[in-house]
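Chains: A, B, C, D, E, F, G and H, in written order; residue numbering restarts at 1 for each.
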Amino acid sequence: MVNYDYPRRERLGMPEAVLCAGKDSAALNGILSELSDRTDHPVLFTRLEPLQFDRLEPALSRALDFDPLSGTAILHGRLPPRQGTVAVVTAGTADLRVATEAVRTLHFMGVEHSLFPDIGVAGLWRLLDRVEQIAAHDVVIVVAGMDAALASVVGGLMSNCVIGVPTSVGYGVAQGGTTALHAMLSSCGQGILVTNIDNGFGAAFAAHRINRPQD
Amino acid sequence: MVNYDYPRRERLGMPEAVLCAGKDSAALNGILSELSDRTDHPVLFTRLEPLQFDRLEPALSRALDFDPLSGTAILHGRLPPRQGTVAVVTAGTADLRVATEAVRTLHFMGVEHSLFPDIGVAGLWRLLDRVEQIAAHDVVIVVAGMDAALASVVGGLMSNCVIGVPTSVGYGVAQGGTTALHAMLSSCGQGILVTNIDNGFGAAFAAHRINRPQD
Amino acid sequence: MVNYDYPRRERLGMPEAVLCAGKDSAALNGILSELSDRTDHPVLFTRLEPLQFDRLEPALSRALDFDPLSGTAILHGRLPPRQGTVAVVTAGTADLRVATEAVRTLHFMGVEHSLFPDIGVAGLWRLLDRVEQIAAHDVVIVVAGMDAALASVVGGLMSNCVIGVPTSVGYGVAQGGTTALHAMLSSCGQGILVTNIDNGFGAAFAAHRINRPQD
Amino acid sequence: MVNYDYPRRERLGMPEAVLCAGKDSAALNGILSELSDRTDHPVLFTRLEPLQFDRLEPALSRALDFDPLSGTAILHGRLPPRQGTVAVVTAGTADLRVATEAVRTLHFMGVEHSLFPDIGVAGLWRLLDRVEQIAAHDVVIVVAGMDAALASVVGGLMSNCVIGVPTSVGYGVAQGGTTALHAMLSSCGQGILVTNIDNGFGAAFAAHRINRPQD
Amino acid sequence: MVNYDYPRRERLGMPEAVLCAGKDSAALNGILSELSDRTDHPVLFTRLEPLQFDRLEPALSRALDFDPLSGTAILHGRLPPRQGTVAVVTAGTADLRVATEAVRTLHFMGVEHSLFPDIGVAGLWRLLDRVEQIAAHDVVIVVAGMDAALASVVGGLMSNCVIGVPTSVGYGVAQGGTTALHAMLSSCGQGILVTNIDNGFGAAFAAHRINRPQD
Amino acid sequence: MVNYDYPRRERLGMPEAVLCAGKDSAALNGILSELSDRTDHPVLFTRLEPLQFDRLEPALSRALDFDPLSGTAILHGRLPPRQGTVAVVTAGTADLRVATEAVRTLHFMGVEHSLFPDIGVAGLWRLLDRVEQIAAHDVVIVVAGMDAALASVVGGLMSNCVIGVPTSVGYGVAQGGTTALHAMLSSCGQGILVTNIDNGFGAAFAAHRINRPQD
Amino acid sequence: MVNYDYPRRERLGMPEAVLCAGKDSAALNGILSELSDRTDHPVLFTRLEPLQFDRLEPALSRALDFDPLSGTAILHGRLPPRQGTVAVVTAGTADLRVATEAVRTLHFMGVEHSLFPDIGVAGLWRLLDRVEQIAAHDVVIVVAGMDAALASVVGGLMSNCVIGVPTSVGYGVAQGGTTALHAMLSSCGQGILVTNIDNGFGAAFAAHRINRPQD
Amino acid sequence: MVNYDYPRRERLGMPEAVLCAGKDSAALNGILSELSDRTDHPVLFTRLEPLQFDRLEPALSRALDFDPLSGTAILHGRLPPRQGTVAVVTAGTADLRVATEAVRTLHFMGVEHSLFPDIGVAGLWRLLDRVEQIAAHDVVIVVAGMDAALASVVGGLMSNCVIGVPTSVGYGVAQGGTTALHAMLSSCGQGILVTNIDNGFGAAFAAHRINRPQD
């Protein structure tokens, strides 16, 4: 029932990642079986809940480097290091789960990165003190929920490529991240790009596309 | 067909304002007739389009002090001056229409006020240069569309009462002001209060409630 | 991973509150550790579920004054008393959880307040009998779900600053508080200000902004 | 292209009404032709814009009793008088267009009715002064936009059958009447029934169903 | 914390019902305590989950006549019989939970009624065979989810007062009853009235308003 | 700027149709120029407003067989006749615009078809009288707005392939056809397929896919 | 409480299926009792959760052929084989649950079918390699969540009848399948038909309508 | 009323662009006056409608290089050429308006670019024939409305940075571009970044951020 896209690594420079959400144990074990002998083919698993991880066949899950906070697992090691640096910035500590998904994906892809947590604009000095440090990276990923105002302020302060990752942090009209998403897309900070809600993986993958070797 | 609420001025300290949107010439002329002889009873008209104004009976409209940008008209003069000061801040020049509705309402109510236009966070220095001036007012009204990030940043920088007025400025997912509204309601800047979209009148009226004489 | 905004107390007159929703035990224990020795720095925790509270390290949670109904906890005591009085009004008994969040925040901030529960407009006499008592406060916080009609009626009866807090009480098209929110924002009672759904804390913080000492 | 439902009058006690919205002149003239010789068959036309009326063939439109405010036209006279009385109540003068559609439909059906305009709850005395008069009718139709709080208050004050007609009056989150609709459906005033937005005709028709002769 | 509206029975002919959803054990026990000695004052409780019922103080819950399917409980017996008959019709068997809430409310109010379950239009003969039986009642309550087409067909076949109760039965774009609600409000069957989603209680209460004794 | 997909006729048995909505005169004239000499390649234009048609270059538009009601134009004649028959059914006369788009597309494709207008379920006999006639076709296209109950009733009465086309006919919660769309998708009549709102062309194209020659 | 529609098999060529979602054990056992002796009447149960299955009376459930992945159960065997072939195509492995509902329904109806899993367009070669195989079937059911791009690409590559089944696979703005649904309905691939979200059963039933014997 | 952000060019490498939507003639003339003497400061105006352009003061508008299709105007010439190349790809010809906004912005910024119009996936060969040409650029901007499937397919075929610009092209559930936006954000093609609906300018600005000189 699985048609794993092996040629993707050659086409996109990154192997097909496996989104585990919505897959039951039978499906996940089937995919792991398929991949377990391909030790030359590193694979990233995302949105793997601890409960899902615990239900995998031990013989298969043993090979996984699993991180419960981000819900990521790495099979057969990381990709070789590549050029480019990425800053991952979060508005609050509740955004760390999503930010860590981005960080782990960058780690898997061999990309150098730094994390700047909890520097939301309600205490603006926290950002202003770090502007130079952040701007020293090739790409800046801003992870923020609620009003996501951090993305606009960052975008107005530096010329870097800014990727906004709206998070589902917040309640009421935060609407599971929809308000953060729409605020980032409507940002007065010009030229900010956006991913789906909580998609730390997608932001890191996009950074990989941006930093890929130019021929 | 009109039951004008004369006692409201005594109850709320402010006479009933007349929202002109959705009223045809017959209805508006009827209200003006009703009110035109009560010269001791000042009245504010809001959302009066220039086209609506032009179609009023000249004998009635002559008595109106009409401002086309804000769509407001004043009949029988202003209310007596009262205590309290208000700063009206806008993110962009396109927010001026709504901001001017607030300004004209404050003017009608006899409230001292200042306007700080076009200081959105995409050019953060524009706000940072004016923080002290703005904070010197009792109430700060922030008028902003799109991502409305200005409200959060203002709320984090000063202890004043901050009233956010989301505007319908923007396109696409700005959704006619819904994103600005939701971002202000979800603001990381704690204790920010919000009005309906484009409701400059309501923000000014609320400032009047806040600054009313305490017995 | 925490950048607690200590200077906020000086900027806003109120220390940074900690929103516990969405934070796991590791994050909450980390924040408590950071704050536990700063005994001169009172802190309010909001949206702390009993289950979250039970999972904190006992050595840390022991110092908290925890109230399960409102989900609030107070560390290192209250702020010194300050001027201004607040009435908290609810439409039904199901709104008490949110109203109590406001009450506890007022208590933490040292603000005098009274609670008027269960006086929704379906039995209008319950409100009419208390109008004078309620109007004697500087600020009136109206906590209501479903159609939130109470906010409009209160706003029409008294000149006080009225802050509406829509609640998620109701079912079907009440839509988790969206209808109450929109009804309050569209209120025919002029000059009513609104917070996010279920945001009792925000309403109390706003009352603090309104009643802050004017220089 | 028309299959006029002549037997409906016998089935429902009311002939099929013709909704003119979305029909071009050819369609409307076709229907009028079909009906013009059936002088024993009174018909009500709704949502007929003045512009549509002006474009009808004069030979056909001459037979219509047209009212531009409500957009209704009556062909071949009214139905015979029937039992039951209806009060039509509006929150504001901008709700009159919809209320008049209800009034004209009641007129066509031969039902006795009274109109109570502009008694919204922002000036509560306007309603309290008329409670007995309104309660003397068999059915009460409440026409209100924005927050529609009037329906809840009326429903809590009297035991009559209350039909709420939400109107598209308002702006921003009033959302073309959706907020009024949802507030009426979520009303704390128990047992209130609701029609589609701006559907004055439907409310009157429902009153006809309620007051129909019981065998 | 409770202000039970005792005079409502006199005002509306029906005592205040207690909506249990969202109330914890403390709140429910408090209300029961308040009411338990008023044996001359029958009360209906709605949306009382079996789990909530089991957690009540036995000394208090013993007095309740509890029905788990509808989630209703009756305290101190039924109201005296009154005039008028009601038919309750459902589209499918999954609508029975909501229909039973209506049936129990009618039972509590002393209203004669019949239930016609599972006669949705996918098998049209099931309805056509019962048209006369159903039409013999004063009021017809149609309980239907998904597309709610049954309400339109019933409304077109008989002149009775038709009250539509949309249910949350269905999945995907049925959207928890929103599609059924909107379809009923947009019904081509003219003069159909509607309640909130799953509000069987409200439909029965409305029938009570319709059938109340006319002076 | 045009890459007309000539091979589509071979791939799909139907040439690429040109959706004119959103194209200005320059774009439309460009496409017509490209196609005007290919007299062996019949093309259908859809959503061509009369105003757009009038602004085409006369030398180009002269070759078009234009129908203003449906907004369709045919260039270089019809496709050769093919097997299969289609019934197009409408709930009301206001649905005719969309139904005619389907009819014109069937005409262009050489498919035999019949139109059954204005047989909505509010007058159920209109449908019941025609069940056998309609069921005699291979495919039944049901065009309906508002509550779209006709699709469910048709689907329950006959075993034919039923394609629902929701229309934007209606107001208020009909929401421009969204309610009709959702009602058709949630239909209790099992196995009904649906197109986008107002997409008469798509329904006819789908009928073409269904009736294509089987090898 | 059950009015099983036995004549449906004769009307539609397929017996009434039982949707188990939202039905409790009492209701399901009641239906099974009703049907268990009619051994000549095969019945399909859909959306039967394993938990629901386990709670059925063993004497009744023993007769069911239950498949937990698809949540389907078959009573009294399959229908006799019929003409026509169907391809079921999925974008990802997470779509298999819905695809299997379609497969099991086709199996119950006696329709020949093939499954092509996990051939989404992110690895386009997986589809391009199978175009001929897929196109050899009379009907193609495309099961896809997230952006549902597979439906458009399939529709553009082959002339078959294409039925899109959007799935709730995805997160954030995938919105439980709404984005997949809307993308399929707006598809640039002309003439694609769509079912409700996750409605594998409906797609299979529609294929049955399409392939029914023509007289 | 204007606070033009002159330092933005130094901060972001690109001068503040002027969004003309929602600004009246007075506002636009004011901005032009402010900027007209700064001949060393090139400025881009976006969303300038021909009607707005015609109403500018001729003395001021004369200096503008205006393009009506894209609604862009350039004052004081282009920026100096910079590194990096961009491909702009469109699904249909109706997407050209938005694509041209991107092209004009790239032109203003001195960025080399190519346009690939009308290569949507309904005729997949149009894209497959150009994959190599498109992949030769540093950044690929995909402009697509309706189902936006083109973005996913492009993202799956090449490793370039892919920026999706959803357009408001389409009708019904295309919902003014919301479906295209959500489909791009939910894309199965991993690592695709997205802008607001119709925001060709933003995509070009983002490409400028990506291609900026690295120190």
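Here, a residue touches a chain if its C-beta (ideal position, glycine included) is under 8 Å from a C-beta of that chain, and two chains touch if they have at least 3 such contacts.
Here the structure is a predicted model, which means the values were calculated and not measured.
Chains that touch both chain C and chain E are the following: D. The chain with its Cα centroid farthest from the Cα centroid of chain C is F. In the Cα superposition of chain G onto chain H, the rotation angle, rounded to steps of 5, is 180 degrees. Across the assembly, the mean Cα position most removed from that of chain E is the one of H. The pairing of chain A with chain H is characterised as same-residue: of all residue numbers used at this interface, over half are used by both copies.
Separating the CA-averaged centres of chain E and chain F is a span of 43 Å. Averaging Cα coordinates per chain places chain D and chain E 26 Å apart. Averaged C-alpha coordinates give centres for chain E and chain H that are 56 Å from one another.
Annotation for chain B: residues 8, 122-123, 156-157, 172-174, 178, 181, 185-186, 190, 196 touch two or more other chains.
Every pair of chains meeting the touch criterion is listed here: A-B, A-C, A-G, A-H, B-C, B-D, B-H, C-D, C-E, D-E, D-F, E-F, E-G, F-G, F-H, G-H. Contact residues of chain G toward chain H in the complex are 91-92, 120-124, 146-149, 152-153, 155-157, 170, 172-175, 178-190.
By the touch rule above, chain B contacts chain C in their complex via residues 8, 11-14, 17, 138, 156-163, 181, 185-186, 190-196, 201-202, 204-206, 208-210, 212, 214. Residues 93-94, 96, 117-119, 122-123, 125-126, 169, 171-174 of chain C are the ones that touch chain E when the two sit in their complex. Across the complex, chain H is touched by residues 1-3, 5, 7-8, 16, 19, 21-23, 27, 31, 47, 168, 176-178, 181, 196-199 of chain F.
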